[in-house]
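Per-chain residue numbering starts at 1, and chain names A, B, C and D are given in the order in which the chains are listed.
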Amino acid sequence: MSKLTSLSEAIHQHVHNGDLVYAAGFTHLIPFAAGHEIIRQGIKELVLARATPDLIYDQMVAAGCARKVIFSYSGNPGVGSLKWLRDGMQNGSLEWEEYSHFGMISRLQAGASGLPFMPMRQTGALDLERANPLYQRVQDPYGGEDVVVVPALHPDVAIVHVQRADSEGNAHIWGILGEQREAAFAAKRVILTAEEIVDAELIRSDPNRTLIPSLVVSAVCQVPWCAHPSYTQGYYDRDNDFYLGWEEMSKDEAGVKAYLDEWVYGVRDREEYLAKLGPNTQERLKPGLRLSAPVNYGSY
Amino acid sequence: MSKLTSLSEAIHQHVHNGDLVYAAGFTHLIPFAAGHEIIRQGIKELVLARATPDLIYDQMVAAGCARKVIFSYSGNPGVGSLKWLRDGMQNGSLEWEEYSHFGMISRLQAGASGLPFMPMRQTGALDLERANPLYQRVQDPYGGEDVVVVPALHPDVAIVHVQRADSEGNAHIWGILGEQREAAFAAKRVILTAEEIVDAELIRSDPNRTLIPSLVVSAVCQVPWCAHPSYTQGYYDRDNDFYLGWEEMSKDEAGVKAYLDEWVYGVRDREEYLAKLGPNTQERLKPGLRLSAPVNYGSY
Amino acid sequence: MPEAEYNATELMIINAARLLKDGDQVFVGVGIPNLACNLARRTHAPNLQMIYEAGVIGARPNRLPLSIGDPTLVSGALSVCSMFEVFSLYLQRGNIDVGFLGGAQIDQFGNINATVIGDYQHPKVRLPGSGGSMEIAAWANRCYIMTPHQKRRFPARVDFRTSAGFLAGRAEREAAGVRGGGPQAVVTNLGIMEPDETGEMILTALHPGATVEEAQANTGWALKTAAHIRVTEPPTENELRILREELDPAGIYLKGGG
Amino acid sequence: MPEAEYNATELMIINAARLLKDGDQVFVGVGIPNLACNLARRTHAPNLQMIYEAGVIGARPNRLPLSIGDPTLVSGALSVCSMFEVFSLYLQRGNIDVGFLGGAQIDQFGNINATVIGDYQHPKVRLPGSGGSMEIAAWANRCYIMTPHQKRRFPARVDFRTSAGFLAGRAEREAAGVRGGGPQAVVTNLGIMEPDETGEMILTALHPGATVEEAQANTGWALKTAAHIRVTEPPTENELRILREELDPAGIYLKGGG
C-alpha cells in the first residue's frame, strides 16, 4: 500500500509540539527540507536529537522550535561552532543532554534492537558520565571490567532522507550511512524523504541495498534536493559555501531572521526553494557519473 | 599487499590441531572446500562452531577432526538430522555447547564489536540457559527486566566464503549474509575464499557492498565452487539433491567412508573436485542472469 | 474422520492460513508454514509479508524452497540483512506479528521441546535444537503451531523447554516479562487447541468428522474443551486448488504429511 | 625561532607525519591530521590506511574534504559502513592503530577538554563536545595531538576531561582497564612532548631554533625535559613540496595556522 504524501502533510500528521525528533544524517542526507517545514508549521517545544546538530538544528533553535537538544558534537564541521545552540546552552535558555558519538548512536542501536540498553567499553573519561546520569555502569558477569551503558532511545519521530524508495517506503541508501537505519528502527514513527520514488522492481533488483523496509515507515515523501545545503551522494554535492557562510549569517538575530524570511518562510515548499536556488547553483553542485559495478543475484 | 595463497597453504598455516574454527555461512556460502582440505590435512581435536553445523561439520566429525561442536541448530535443513553429530552427542564421544541462533550470533557480535558480552531480552525458556553456564543474567540499571547475556566468541580462525574480493581481501558479499561479517571481525585469523579475485577498482566502485575489509583478513584464496553442495548467490544453486542424498549416504560408516574416499581424499583440491563433478552438474546448478540496478556514487 | 477429498496436511495448512490476517508480518520457516502463508496471501491476506530468519524480508520465491536459505528467496526480495539484524531489528524489536513453531513435543501450556528426548546431558534422542524458535516463541506477537494430533507429541510435560509457551501458566509468562503473546493456536489434523485464561491449551474447534473423544485419546493430558466447540469450515475447492496446483504442484510437502 | 621557509602549521604536520608507520590503520579527522596522513602515505608509509568516523575505510579523496563526511571520501573508497559499525567493529574491537585528537585544553597527563570552559552546568564557553574523541582517546593503540604551543592550551588541569590521556598518571589509566596506549606525542610548533614512565607529558624534542625556555613559558605546568632533548630534522624540500603543491595547493589548512 502506497504511503506517498506531501512533506507538509507528513510533518503535520507526525510531528507534534513537544515531540522528540531525530532528523538523521551524519553530514550526508541531512533532511533540511523537513526542518524548514517544521519551522514553517510553527511546531514548538521539540526535543531535537542528533549526533551532530549541524546547521539544521541551529536554524530550528533560532526559529524557536526547540526546548532541548540531545547531541554528541555541536559544531559546524570543519568551520566552527553553532552559535544558537552554543548561546542557548550558555545563557540557560536551552536544555541539553550530551553523549560521545558512540554513546549517542548506541542509544539508537539499543532502541532499534528492542534492547533496554547497550554496553560499551570504558573510556577512562568520567566527566561526561558524571554529568549525564543516563550513563550507567554494569558489571561484566564474566569477570572483566565493568561496562558503561546507555539506555535505548525511541524518538517519537525519525526523519530519514534516502536516495530512492518505492511508494511503500522500501529504501536504497548508499554513501555515508550515519545512523539512518538505526534511527528508523528505533523511532515510533518514521517520515521517509527520497530524492526519487522508483518502481518496487528496481528496489527488488538489489535487496541487500534496502536498508530501511516499508515495515517501519509511516509516510513517504518525494523531495528532490531535500538535503541541500547538506548533500545526497550521487545526486548533489555538499554546498560548502553555504556552510562557510552560515558562520557570518548566524552571527546575530537580524542575520538569521533575514535567512529564515528568505529561504524558509519566504518559500512554500522545497520546490519553491529549489527554483529560488536556481539552475546555476544546481549545476555547480552536480557530480559526474560514477556507477557501481552490478552484481548478479541470479534467477532461481 | 596481496594476501593471495592456495587454500591448502592457507589451511596449513592458519588452522592448527585444537583450534576453535568458525566456518561461516547460513545455508549460503558454506566453505565446503575448506572443510575438505582440513580433513585431507588430518587436523584433529578441533572445536567446530557454527550456528548450523550443516553437512560440512557432519563430514568433519565423521572424518575425526572434531573434539567438540558449538551450535544452535544441528539439522540437515528441510531434510532431517545430522547423523554423526547426533550420534556423537548421544554416545558421549562428542562434546557440545549449545545456544539459540540469536545466542550464537550474539556471541559473534560481541566478539566482532570488542565487547565482553551481548545482552538479549528474556525468552522465558530457561532450560538451555540452565544447561549452558555461559548464559548469564545482568540487571537492567534502568529498572526493567534482567537481560540474558552471552560472552564474546573469538574463534582462532574464521573461514569466510564470498562472491568476489580483491587480492588484499576486501570483499563484496550479497544474498543471505548470515554471520559472515561478524565471524570475520570476531576471529583472530581469517581465511577468505572467493569465487573470483577482482581488481581493487571494481571493489572501490561500490564501497557500501564491501562487508569485509582487508584489515581483518589473513589469507585470500581463489576457490571457484568452494561452497558446493551449498551455494553462492548468482554463481551456482544449492545442490538440493546432494543434501537429500546425504541422509542415506551418511547412514553408516561404510557410506561416509565411500563418500570421503571419493570426494575428499580422492581429489587433490577443489579444482579436481570440480572436474569430477563434471559439466552436467555445473550446468544444472547455473542460475540465469539477474543483475542489480546500478547506483551512482558520483565523482567529486 | 470420514474419507475426505483432502488429507491431514492440507487440512492443517488451510486452517492455519485462515488464522493469518492481512498485513501480518510473519516470521516463517520452510515447509508447511511457508505454504500456509502463501495460501493466505492468495486468498484473504494479500498484504501479508514473509520474513525469514535467514534475513530475507518480503521474499517472492519462484519455486518451493527446500531450505530456509534458498537463493530463490533472495532474488527479487524487498530487503536482505544479516542474521543478527533480523533477530535484533525485527524480532527483538517487536516488529513481528506472527511466528510459526514446531517441535517433537508440545505440552499442556504450549511449551515446546525441539532439543532432546530424555536427559539433556545424556540424550536418548538428540534433536536439532532451538534454531530461531526460542526467540520466535518469546517475541512474536502471536505464535501458531501445526502438528499431527498424536499422544507422543502432546505430553503433559515436555522433556526440555526449548521455547516458551505459557510456562506453567499465563501468570508465569507475564512475570518473566516476555514480550510476545505466546501460542495462540495449535492446529492439528483433528481440530484446533487454543489457550484459555490460564494459558492451558484447550480444544476449541474440531474439523468436520473429528470428535472430542478422538482428540482426547491422542492428547497426553486431560484435555479440556471450550464451552462451545466450533466446527471448522471444510477446505474449499479454491483453497485446495491453490495449494495443489499453484503452491506445491509436485506434492513435496502436501504428500509428505507435514 | 629563526625566520624559516616553513610555517608553524607545516612544521607540526610534517613532524606528526613522521610519527606514522607504514601499514598503520589511522582513525583520522579532516584538517591537518588528514594532511599528515596523506603526507606519510606519499613518503615513508604508502600502506597507511585512513579510516573516518563517518564510516569510510580506505578513502582516496580527489579533493581536500572540508567536512568529515565529504562525498569525495566515499567515491572510490574500499568500504563504507554505518557509524555504529565503525565505532564497534573498528575502534572498540581494537583494529585502530592511530587516532588523532585535538581540543581547547590539554593537560600535564594528556587529558583533553573539548567540551566546556568553566562549569559544565553553567558554561562560560561551550565547546562542541566529544564527537568521536572520547572513544578514540581510549581505544586507539596510539594517539597523537597537534596543537600550537600556548599557555592557555596547556593548563595543569583541564576544566573538563572530554577524553582520557593518562588521567592522574599511567597507573590510573591502567586500572581503568582502558584498551589503547594513550597519548604518545603532543606535536607543537616548538617541539614534541611525550609521556614519561608516569604518564606525564615531558619535552623530548625541540624543532630547530626553539628553546626549552620558550616551551616552558608557553606551558601551564612545570615542564619536565628528557635527559637528552632531540632536535627534530627540519622539514625537507620534498615534504614541503608535497604538502604545498599536491595536498593543499589552495592553502586552505596550511595558511590557516591549524
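In the analysis below, a residue touches a chain if its C-beta (ideal position, glycine included) is under 8 Å from a C-beta of that chain, and two chains touch if they have at least 3 such contacts.
It should be emphasised that the depicted structure is a prediction, and the values quoted were computed from it without experimental measurement.
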Problem set entry | Starting at chain A, fewest touch steps before arriving at chain B | 1
Seminar exercise, completed: In terms of mean CA position, the chain most removed from chain A is C
Exercise. Any idea whether B-D or B-C has more C-beta pairs in contact?
Worked result: B-C
Exercise. Hey, how far is the Cα centre of chain A from the one of chain C, in Å?
Worked result: 40
Exercise. How far is the middle of chain A from the middle of chain D, if each middle is the mean of its Cα atoms, in Å?
Worked result: 29
Problem set entry | Multi-chain contact sites of chain C, meaning residues that touch two or more partners | 56, 70-71, 74-76, 80, 92, 139, 179
For this session: Please list all residues of chain A that touch 2 or more other chains.
Result: 114-115, 120-121, 144-145, 174-175, 177, 208, 233, 237, 287, 290, 297-300
Exercise. Of all possible chain pairs, which ones touch?
Worked result: A-B, A-C, A-D, B-C, B-D
Exercise. What residues on chain A touch chain C, complex-wise?
Worked result: 1, 112-115, 170, 185, 200, 203-204, 207-208, 210-211, 213-216, 297-300
For this session: Over in the complex, which chain A residues touch chain B? Could you list them?
Result: 114-121, 136-142, 144-145, 147, 149, 151, 163, 172, 174-175, 177, 202, 205-206, 208-209, 233-235, 237, 287-300
Seminar exercise, completed: Residue positions on chain A within touch of chain D in the complex are 26-28, 51-52, 71-75, 77-79, 81, 85-86, 89-90, 92, 98-103, 105-106, 108-109, 120-128, 131, 144-145, 174-182, 231, 233, 237-238, 240, 243-244, 287, 290
For this session: Using the touch rule from the top, collect the residues of chain D that touch chain A in their complex.
Result: 30-31, 53-56, 65-71, 73-76, 80-84, 87, 91-92, 111, 115, 120-135, 137-139, 160-164, 167, 172-173, 176-179
Problem set entry | Complex interface listing, chain C residues touching chain A | 25, 47, 49, 56-58, 60, 62-63, 70-72, 74-80, 88-90, 92-95, 139, 179
